[in-house]
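Shared between the two complexes below is subunit A, which has subunit B as its partner in the first and subunit C in the second.
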Partner chain A sequence: MSAELFSVFYQFADVFAFLILSAAGLAIVFGMMGVINMAHGEFIMCGAYVTVGLVNLGVPLPVAQILAAVTAGLIGVVVEFLIVRRFYKRPLDSLLATWGLSLIVTQSMLLIVGSAVRGIGTPEGSFAIGEYTFSTYRLVLFGCAVAVLVGLYIIFMKTRFGVIARATMQNAAMAKALGARTGRIYAISFGIGTGLAGLCGALYAPTMTLIPTMGATFVVESFVTVVVGGANVLLGTAPAAVFLAMIRMALNASYGQIIGQIGMLFAVILIIRVLPEGLSSVLVRRGR
Partner chain B sequence: MFKLLDGPQTLGRGKIFWSCFLAVLAGALIYPVFADSYDVGNFSYFLIWIFMALGLCLMWGYGGMLSFGQTFFFGIAGYGYGVLAINMGGGTTTIAAIILSVLIAMAAAAVLGYFMIWGGISGIFFGIVTLSATLVLAFFLGQTAGPEWHIGTARLNGFNGMKGMDPLAVGDFYIEGSALYYVMIALIVIVYIALRMLVNSSVGNVIVATRENPQRAEMLGYDVRKYQLLTFVIGSGLAGLSGALYTSWGQFITPSSIGLPAAAMPIVWVAFSGRSDLTATLVGSFLLLFGFQTITVYSQQAALVLMGTLLLATVMLAPQGFVLGIGKLVVDWWTRRRRREPAPTLADAGRLQSDET
Partner chain C sequence: MISRRRSGTALLGAIVGAATLGVAHAAEPPLKVGLLEDVSGDLAFMGMPKLHGSQLAVEEINKSGGVLGRQIELIHLDPQGDNARYQEFGRRLLNRDKVDVLIGGITSASREALRPIVDRTTTPYFYTNQYEGGVCDANMISMGAVPEQQFSTLIPWMVEKFGKKVYVIAADYNFGQISAEWNRKIMKDLGGEVVGEEFIPLGVSQFAQTIQNIQKAKPDWLLTINVGAAQDSFFEQAAAANLNLPMGSSIKIMLGFEHKRFKPPALNNMHATANWFEEIDTPEANDFKKRWHAKFPDELYINDMGYNAYNALYMYKALVEKAKSTKLEDLRKVIATGDACIDAPEGKVCIDPKSQHTSHRMRLISVGPKHEVTVEKDYGTIQPYWLGQIGCDLTKKNDKDQYTPSHLPSKS
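Presenting the complex of A and B:
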């Protein structure tokens, strides 16, 4: 019995980790600046390629993954400075600008690198409970997702940067008047967001085929998690991921991946009819 | 009737504009006489996509709803035409198939639109929800390779695409080559004129008022949600028309015409052209499609990089669109030359001037 229970938890953890890791970066950028980064998938792809490149050069996997996340974060800061910065007053245009960037990056990668790169296998290691065997790496991913949530909680709730960032989130003009350098806060937040995207790519690189269009695999999950989470991302993202992971897990188990994804989409469309502000609006109301 | 054609919501009016319009139309009509049949076929192919662009222009430029789901409805109608044409047989029934498939796409738009618009989704979320639906449809169709995925006798065939449906036909006469070209021209003229009349009608004024300020429009007593849904259904139905025509033109359709990067293309055309005007969208989309096709022959990736660059350049340099901007410069220069006095500044493209009568 406990083996079955663990198996259910394991499947939940797998989907939950995927949702959190793919959505965290997008959610931070959206929550701070009200901008959806359409090139999110390309930062994920960047993280994956850097990881595989470094591992093929002989760098140990965990080190390569951290370096990949940092690389994606730094590129994000540059992109913020060159492009995204101009669009904070025009969020819809930021969508178009980053989508243009995404097209440029994906198709240039296809031109330069070609379609397939030699991947690295999933780290070995499995364990058995009862008659089931489980891959250890999938649990590592779950651990990473939880660590990302805890890390974001600490950064945004316990540090001085977090206080200023939340003030900027609530009222940028007022925060600026009080001396916060909102421009810098935005750049750092965008960097954190793309860094998390890079981390997502780095963590999933060993489990996937590397193709320049791999970002598209993640964007649906990240979009729907952010939509269900709602405006207050610090509050909404984790419950949204729990909710969607439950639906997805139930459908995956009985009908397969694609039906799981379709079911998740239907759930999201129903949710926005009932709760257009997302789950966080309910939580905020309860909190008061 | 003519008043609706030359109303305040569309640029280009008066004798000069309509003479140009007729000249271009006449040129388009005699084109097949001079060109070889391969080029005529290619032109029909560009014209297929114009409907999708005009639909997006209506939703985004006039209605203020940025839908990323044009290829979603393109795909529904495209696959719909395939399934219907295969199951109902060829001949004149293909005409019924094309009409039914567009209606299916419009019904899908009504359902999706109901949930989004009545849920109060707007702005960025409207875009990403429609894009999510689009990508999920593309993923779904991509994994339908097995023989168990079929509707009637029509196999979906996964990434290889659905094929084997009949092209448009009336009785034994296949509408191909020049005939198809003339059908396309006729459809484009009808759609263009009809959309012009729609946006200049009282319904169109409410649609534009909703874009400008939904609360204000609501306070004036209009149920803005109904107008938004109407706009969304018409715009998406036009994408469906493109899809059904595409499938009948090439007698095949694959999921890659739904997913990324195809989903970005209508956005690029309309943004580059100038979303706030139907004529600019018509002209700009055609130019872009022509350019894209020319480059694709050498490298599809390079053509897509160019499209991405154009999108980025448009929002950074000319957020209202390049074609519209250039068109306005020309008109500006023209009026200044004629009057020999400072030209009246054209109202910025976001809000067109009201009728001064």
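Presenting the complex of A and C:
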């Protein structure tokens, strides 16, 4: 019985981690900044490839993963400066620009790195409870997801940068008038967002096949989580992931992956229909 | 270099017969070969060797005088794994470029998207993958292996060696669904039990729940017919969770070269039946591999699709030169004689007149903990007999249909 219970928790944790890690970066870039970043998956892919490249050079996996996230973050800052900066007042055009970026990046990776890269293998470690065996690394992923949520909360709610960043996102002109260097704030926020996308890729790299289009497997889940979370990403993303993970896990377990996927997307349609502002709108209203 | 050229010529000589070599006419327009292979998208890693195999064959054939003295012009388009693009590009190649022959398609979904378009023309179409079998269509010539060559060999062997309970994870489209149907039929005939079947949408990459469903069902072995890079993540995740079950497949190793893409021992204890895998160690195979790697030094693995794509061009050449024509009806007259054969790197392969599928020398391979490949059993040449048995006879009637164990031709 305890095996069954733990199994349910483990499955929930697994889907939750996937949703949070793939959505965290987008929550900032899309949820807070309003940039429809179609290249989100490519930042995830970037994190994965850098991780595998560094591990193949002999760098220990955790170090490689951190460096990969940092790399994706720095690339994000550059991309913000060169491209995204020009589209803050034209969100629909930002969709087109980042989509173009995404196509260019996947095709270039295909040409430069090739169609498939040899994986590095998941870190050793599995444990058994009852008749089931589990991979320890999946629990590490869950831990990382929780850490990302806590980290985001601290950065945006408890630091000076966070206060100014939130002020900038809400009213850039006023923040600027009060002396905030909004350009820099935007660049750093975008960098944090893409860095988190890179972290997602870095964390999942050992468990997946690396191909240039691998980001696509994350993108639907990440957008869906952010949209369901709603306008207030810091409040919305976590409950959205919990909610979607519960639905997906229950359906996966009883009816298989197809129904799991359909059911989750169906739930998303319902939520957007009933709560156009997402889950966070309810939470914020309650809070007031 | 010289020995390479010589063996190439020797192979060619065997195929063509010396007489036809002399008809070269520089002024003849080239033969147009339309090729549709994914070299970007989720299946690019499998499609790239198909393009390479075709390019290698075209280069060799052109160097040694072409087909009936005509050079081959290869027109390759990349449908990027999108079935709508397969149709669009298929129409373009058939109607605008007016190709003499159409080759390609990776997934069975892309093939079925293409087939109705090809059927409206009189252009021959070569499908070069192993697949779930059953297509009885006069326009189509299948170069890859089919279930009676892959499943009727593999599944009894797995049952005998590992036990009667199997769990199936399959990609959720026609290939996975029909392959699973084949498994059900063969397991039933063997008195085995399918303890679980899970169909997975393409693009899904997370398998923690699947792994637990498998452990709950307690199978003796797994049939893994999951498709694409995302779904292949199953192996890594199953290994990390220490699932540790024997696996069998009709597409792993020789087609997806997972043993080269994943770190050992993720693919340990995988079994597959194949007409080609790069580890085949015969003089003909080694010579072929040498030529391939000389042209494409970065190729991670020569997979069976790439190999079949290479053979398709030589088979086409053999047909055209025997028929002295590029017309489909003339080519089919050659096929009807039962004499449409080439000496391929695996050995002699022939097209079966009734089904227009290809005979193959099948071997059962297994993968060890260091991802080394061992040949467990050599079945010799196996004919693609199933379609003929159930009543498909393309020499008499063009059904243009795909049959499965549960969809047989109506008796009339």
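Throughout what follows, the second predicted complex is superposed on the first by the 288 of 288 C-alpha atoms of A that agree within 3 Å, B and C clash if a C-alpha of one lies under 4 Å from a C-alpha of the other, contacts with A are read in each partner's own complex, and residues count from 1 in each chain.
Going forward, a residue touches a chain if its C-beta (ideal position, glycine included) is under 8 Å from a C-beta of that chain, and two chains touch if they have at least 3 such contacts.
Remember, predicted model here, so these are calculated numbers, not experimental data.
Taken together through their common subunit A, the two structures put subunit B and subunit C in a clash.
In the superposed model, A:A167 makes contact with neither subunit B nor subunit C.
By the touch criterion defined above, A:S108 reaches subunit B but does not reach subunit C. By the touch criterion stated above, A:I155 is placed in contact with neither subunit B nor subunit C.
Of the two partner chains placed by the overlay, subunit B and subunit C both lie in contact with A:A216. Of the two partner chains, both subunit B and subunit C are touched by A:I258. Aligning on the C-alpha atoms of chain A brings subunit B into conflict with subunit C at a single listed stretch, 254-262, out of 20-28, 92-100, 128-136 or 254-262.
Residue overlap on subunit A between its contacts with subunit B in one complex and with subunit C in the other: 106-107, 110, 213, 216, 258, 261. Every residue of subunit C that touches subunit A in the complex is listed here, in rising order: 39-42, 44-45, 47-48, 172, 198-201, 203-206, 208-210, 212-213, 215-216, 218, 229-230, 232-233, 236-237, 239-244, 260-264, 266, 298, 300.
Those residues of subunit A that touch subunit C in the shared complex are 7, 10-11, 14-15, 18, 106-107, 110, 114-123, 125-126, 128, 131-135, 137-138, 206-209, 211-214, 216-217, 249, 252-253, 256-258, 260-261.
For subunit B in complex with subunit A, the touching residues are 66, 112, 115-116, 118-121, 123-125, 127-129, 131-133, 135-136, 139-140, 143, 259-261, 264, 267-268, 271, 299, 301-302, 304-305, 307-316, 319. Subunit A meets subunit B in the complex at residues 34, 36, 83, 86-87, 90-93, 95-97, 99-104, 106-108, 110-111, 213, 216, 219-220, 223-224, 226-227, 258, 261-262, 265, 268-270, 272-274, 276.
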